[in-house]
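Beneath this line is the structure, given in structure tokens, with notes to follow.
First chain written, first letter: the chains are A, B, C and D, and each begins at residue 1.
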Amino acid sequence: MTASVPAQLVAFVGEYLLVLGLSPLLLAVLGRVKARTQGRVGPPLLQPYRDLWKLIGKDAVYSKSASWVTRYAPAISFAALLATVPLIPWFVLPSPLGTFGDLIVLVGLLALSRFITALAATDAGSTFGGMGSTREMWMGALAEPVFLLVIFAFGSPAGSTQAGAIAARGVSLGIAYASPPLLLAIVAYVLLLLVETGRLPIDNSATHLELTMVHEAMVLEYSGRDLALLEWGRGFKLAIMIGLLIALAAPWGISTSWTLALVSLAVGIVVIKLLGAHVLVSRLEAGVAKWRLFRVADLTTLAVVFAFGSLALTYVVGGGA
Amino acid sequence: MPIPWILLVLIVPLAGAGAVAFARTRDQANAVAIAVALALGLVVAFLLQALLTLGALSSYGGLLYVDDLSGLLLLIVAVVGLASLLYSVDYLGRSGSPHEAPLPRLRRYYQLVFLFLFTMYLVAEANNLGVLWIGLEGTTLASALLVGYYQTRRAQEASWKYLILCSVGLVFALFGTLLLYVASVHVLGAGNSELNWTTLVSSGSQLDPGLVRLALVFLFVGYGTKAGLAPLHTWLPDAHSEAPTPVSALLSGALLNCAMYALIRIYAITLRIPGFLWTQRFFLIFGLLSVFLAALFLFVQRDLKRLLAYSSVENMGIIALGLAFGGAIGLFGALYHLLNHAATKTALFLVSGNLALAARTKDLQEIQGALVAAPGTGALLLLGGLALAGVPPFSMFSSELLILSAGFSQGNGVAAGLMLIALVLAFGALSWHLTRMLLGPPGHPYAPETRAVVCASLGLGVVLAVALALGLLLPDPLSQLLHGAVQVVNG
Amino acid sequence: MIVLAVQALDISAAIVLVTAWISLIHRRIEALVDTYAIQSGALGITAGLVAYQYQAPDIYVLAGLTIVVNAIVLPWLLRRVVRNLGVSRMVNMYASVRASALAGLAILLVSVWVVGGITPFAEVPSAGLLPISVAVLLIGFFLLITRRKAITQVVGLLVMNNGIFLAGIALTYGLGLFVELGLAANLLVLAIVARIFLERMKESFDHVDADALRALEG
Amino acid sequence: MNLRELLLLVSLAGLSAATVLGFASRRPVEVRASFLLGALSCAITTVQSVLVLLGGTLPASSLGLPGTVPASPVLALGIQEDPLSAFFLLVVSVSGSAILLASVGYAERYVPQRRGFLAGGCGLFVLTMVLVCTAGTIFLFLVAWEAMTLVSYFLVIHDHEDAESREAGLVYLVMSHAATGAILVSFLLLATATGSTTWEGIAAGAGGLPPGVRDAVFLAALVGFGTKAAMVPFHSWLPDAHPAAPSNVSALMSGVMIKLGIFGLLRVVLGLLGGGPSWWAYTILALGGVSALAGVLYAIVQHNLKRLLAFHSIENIGIILLGVGAGLLFQNLGYPALAALALAAALLHTWNHALFKSLLFLGAGAAVGETGTRDLERMGGLIRRMPGVALGFFVGAMAISALPPFNGFVSEWLLFQSFFAAFSTGSVTAEMTLSILAAVLALTSGLAAYCFVKAFGIAFLARPRSQQAELAGSPPSSLVGGMGILAAFCLALGVAPVLALDLATRPLRELTGAAVGSGVSLSVLSNLPNGSGGSLPLAPGAVALLLGAGLLVAWAVWRIRGAPATVVGPMWDCGLDAPTPRMEYTATGYAQPVVRIFEEFYRPIERSDSAPALRPPWIVLARVRRYTVEIAEPIRAWVFPPVASGIFGLARRMSRLQSGRIHAYLAYIFVTLVGLLLLVRAVGGPAP
């Protein structure tokens, strides 16, 4: 069933609003749940919004040795992350403008965001920047094969690399969608998610210890509006990755019809799913300590094993149903 | 009465040898040399023209006989002889040259060169295989003295080895000729023409294969020694490196081809025997051994002229392989390669003479940066080296390609593949040496390029340009000659 | 008459082979040259007999040439060279005399095996001598290889030539006058050239040991 | 003579004229004219090749050359331009044009005598490449091919005073020649088996060849063309030759010439043989995967900017080979449409790589030329010295790292899609192989991004790391102009690859027999159906639009609380002394984590020592620590060096045969004679 162009546009904008608007909140939930688990109170849920607003109001300070790369990198990174939003079916299928690209495009856009941020980190010539940059880039490089295999693993039963097609298959199959290969793929994806979004045990956004920090080392030179863009972007990268997991692993609840009621219901469901997933991630984070940096390679190798195992199992037992 | 060009070809060098004895000054001797060189060039040109218009020529009761195959050899000897004689005038005859020879020595040098040329022309024009043998033995005797021209210890050593090894070889060749004669007599009965090529080739199909087989062994070992086929080539690098440069050019460009020519004649005869494959097998064995051994030896050479000498061994191997593969294409390739190799190698020997003069050494370790220090000579060496390495669009590439394609199409793919490997090896060795010689900063001061050397270089440049042009475009008369020669061999 | 020629040829072949073998055991150069002279003489006489039998004038010439050039002139030249050079008159060799003799036997066996199968043609009754001439050829060559002095190498070369003469007489009664003249002339020139070289060599090196000429290698 | 023929002749004539003009030039203006004429001729060639792609083959007969060396059809000359030729002609000419334009300025750093040689050499180089593309017979192909090798060799040794340059050139020359030998074998096998020497004739007759011959042809072609393409393990020449050459030549070699290896491979394997058994495909896939990964891994640890780029060429050739291999595999499995998809990816990546690698090499040339060093550790901060070059290099870096919205992403995306399509073939071997290779490809492109952050970051960003970098001049404008053209192509093919893809699919109709649609439309992608019949989802234009929209949002965020004031201050220094450039992250440091992770691969040799630093009054205030890491490149020791040293050893042993002892020589003759006599007797039996 195809929707009218205005409806599509509304849904399209709605997706953006959902992700952009919700991602600070999700971060706050994450922080709060983590704090609670550790016996602290944690910041209020609206704190991230206040922080962002405050940063946006501030002027940016640039290092003397910085070039235009530093100036434009936050915007480019932000834009690249934003461009991934329509690739994921959030609450309605077929998702509006979802056919312009697939998950490989999503990988490319994430890589673009990472590339420009890492480049900007080396711009000023600070030692920290280079350190963060190299760490970010090699972790990203190790994550890419995992991502591709995960896409193949999720996509091969559906015969498509588009998240929309995969989710549509899941919705139509219902509970029969669940299968051993799917489970392996989900595990691989979760490992990938931790690496890709820099969560514990990979990276700790709360630390400024040079031995361990990755993302913080990269953005050390940033301030004001630029920092706001970077931090916001980081937040909704997490939302995007989790949203994608939801769409691929548990697409049930996404509306396949364009009636207002069903779509609204679907929006509600996806918000709940996002919140739940964030809570889960934060519980996961709270339970582990940061690993040694080079164990990331072990983690990604493990993820490759899972993803490839999923592919192999798909061949043996079929991809569900 | 038509002018007896055939005879003139033989008379002119002999006359020259006589005339030069009366030379009172070095200039006179040089003038005789130039006159003989030019006269020979003209005579051979007229002879070839007559050949192309009239077909095979015969004279003096069938004693002398010139067909297209002889024509090819005549052409080669004439071109190489011309280049070498003119170069000699500059190299040994000119006053002030580092190799300037006193008059008596110069006279004897020219006499020997004329005799050498005479014997080679005799080889080309002989109809009787015995006379052919005599001619080849004559070349050994004349050129052995030329190899020893400098009378240094090294030169004497080289010439002694040359004399003994080639004489031994030719004794075997004589034995082989004798056996061939026996086979021929058996067919034709005793007469006076049993050893004539014209007779043998027409009665070839009846020759006794067992006897011919035996004869072949001796003929191959004999003429193969002279042609520098491995492992009989051992005299060749010594003689080529120690002889005066113009003589090296004659040895490599003309003499080796004379011996190869003798083998080709034998090959043509045995092609007439039904089902007889030994000639091709022998060519294959010797060809492969030659290309491989020579290619490997190229790597470890320390002397410029020895390097070129081993390259001659390699090219003789290539020609042998072309003959082994056979067929019209293989033969054409082999004969074409004969010509290309003669032109290229002559030019290269002469260039190397210039380079040795400029660098004051022919030690490969010491010659460096020639392209910077002696740009003219260096550039010619580069061009010549490329031509020799068989790079397109030089003509040797074309002939090698023909031979290889003949190999593949005649079911000798493995041998052709091996030949290709050897070619690549040789290319690697040559380019290794050339890189070291030509590029980089010069290791030591070079002598300035004198006018005469520059002139000589220009002449060589022309030769190389011809080699280049031959690679893409074969002039009609030459093509006709080559095709005719293939016809002569293939029947 | 045919019988006479055949017998003469057989005997001559035997003499040539025996002298070739004998030349393998000589330790003095003059003795070697003498043996060569005897061998050549025997060949010349045989050629004369054959010529007489077939009444072939060109073979008479061949016989005469053989006797004059091979049996007289060349040995004379060689002796002179040996005297004039004033070098040691010993034959220096790589292979011992016994080994050389055994090698001579081996060469005969190989020759017989390889060449012996060739059927004698009806009109050439003595074609069976072909293995013997091949053996002589190879023995000469063996001499050339295993004797160190330059002059002994020349003798080896000449013995090889005699092998060919034997085959020529036995199989074909000559190669034609022109060719034979050329051959004889060539041999003579060869000897002269060799002599020039030997003298020069003696001058420059103070020896005529061909084995010591090793400057050119690789 | 129609327009297409006329244009081809014009461009050949133009390139010849540029060559002659270059070699004969005495004055700078003539050198410039030579380069410009070459660039113009290339532009004409571009038009011509597009016309041929759209309008169909120029048949072999239409531009025959006069009969030359007769005797054998093997030596026949002839020109033919079918769509495959035309596509590679396009690849050659676009990059060639930009590079020649850039060379106008680049050449000026050389002394006048050398400029003319460079100009003539570059013109001839491009001319030979055009001829390689348009050769219609094996002889012309071989002549052009070898001439191309030779000319490029002379360009590599342009700076021959440098011993490294000579050595690099020699290795290149010898390996290339050996490769030509292999090509020769494959051609001659084909020619003699089919009795023809034109592509058409061979293709017509090659179907009926016995499998053994076809396998031999394939292997020979793979070795031969693989060497030129610098496929592992026949790549040893490339990492040395490309840095040794002047940078515009490196651009021509790395950007353009090595692609012709792919051309030859496609020509023989698909054009002439029409595909083959699946082991061919798997061989190419394996070699491609190894090349891609090994190439990028070695690139990462290079500190020589041009070597780094050179190793990336190996990587990208590997990527292209992955496409070729996948195409062959699909064809073997009976899916011509999928084969077309994979091959389209390969062809498009070929073009893309030609564009961005030329761009990067020109940028590197500017950096190297203006700083006088190739060492990344001595560069830095060049973005301020040469902003235009930096922008161009930036675009190139993004494109080679396969980032949207640039062209590299599009071709790699297509490649991933074709790998994914293996799931619809039902062949488990194909599925698993291509899945593994997809992971390899993903890792490769991730590492490429890593490497280019390093390259761009260290060379162009931060503060100058040496005086040379600090004093670097600004590169000539033509260089920047040439880079601009290439960068524009990179972006255009990334945003709107439709036209390029349409051009790339034209040769495939013949090669794969797939019913690939024609016509310029957005739906070209959907004309390459994947296995399940659905259309392939990518609208690069839309991606670009969305990126633009994202930028608008970012801009809005920036401006929402008023126009920002930019404050420029010192770098944050942790409260210590002001950081000096020596404290910046080095290229070595940047690469270190990857060395650590892939330790088993690199086998680094790490050394660290420390010594007390004595200062008056002779008390130990600090210890000087020195840490070095050395990475042997075992990959360079593959194939060529052992073969070379083996040959030398053998030659040395053989040379003892020529002992100088005449008796030994006589013995050789004796042995030969007796041996032959025995052979004749033993093989031939007693005479009858």
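As a working rule, a contact is a pair of C-beta atoms (placed from the backbone, for glycine too) under 8 Å apart; a residue touches a chain by one contact, two chains touch by 3 or more.
Note that this is a predicted model, so its numbers are computed, not measured.
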Contact-richer chain pair (by C-beta pairs counted) among B-D and B-C: B-D
Chain A-chain B separation of Cα centroids, rounded to whole Å: 79
CA centroid of chain B to CA centroid of chain D, Å: 44
Between chain B and chain C, centroid-to-centroid distance (C-alpha), Å: 31
Euclidean distance of C-alpha centroids - chain A vs chain D, Å: 35
In chain B, residues with contacts to at least two other chains: 160-161, 164, 168, 172, 210-211, 214, 237, 297, 300
Multi-partner residues of chain C (each touching 2 or more other chains): 114-115, 117-119, 141, 144, 153, 210, 213-216, 218
Of all residues in chain D, the ones touching two or more other chains: 655, 658, 662, 666, 669, 673, 677, 680, 686-688
Every chain pair meeting the contact rule: A-D, B-C, B-D, C-D
Sites on chain C touched by chain B in the complex: 114-115, 117-119, 121, 123-124, 127, 134, 137, 141, 144, 150, 153, 157, 160-161, 163-164, 167-168, 171-173, 175-176, 178-179, 182-183, 186, 189-190, 193-194, 196-197, 200-201, 204-205, 210, 213-216, 218
Parts of chain D lying in touch with chain B, wherever the complex brings them together: 68-72, 74-75, 77, 139, 142-143, 146-147, 150, 157, 160-161, 163, 166, 169-170, 173-174, 177-178, 181, 184-185, 188-189, 191-192, 644, 647-648, 650-652, 654-655, 657-658, 662, 664-666, 668-669, 671-673, 676-677, 680, 684, 686-688
Interface residues, chain C side, partner chain D - complex: 94, 110, 113-115, 117-119, 138, 141-142, 144-146, 148, 153, 210-211, 213-218
Of all residues in chain B, those that touch chain C in their complex: 63, 128, 130-131, 133-134, 137-138, 141, 144-145, 148, 151-154, 156-161, 163-164, 167-168, 171-172, 174-175, 177-179, 181-182, 185-186, 189-190, 192, 194-195, 210-211, 214, 237-238, 241-242, 297, 300-302, 306
Residue ranges of chain B in contact with chain D within the complex: 160-161, 164-165, 168-169, 172, 208-211, 213-214, 216-218, 220-221, 225, 231-232, 234-235, 237, 278, 282, 293, 296-300, 328-329, 332-333, 336, 371, 386, 389, 391-393, 397-398, 401-402, 404-405, 408-409, 413, 416-417, 420-421, 423-425, 427-429, 431-432, 435, 439-441, 470-474, 479, 482-483, 486
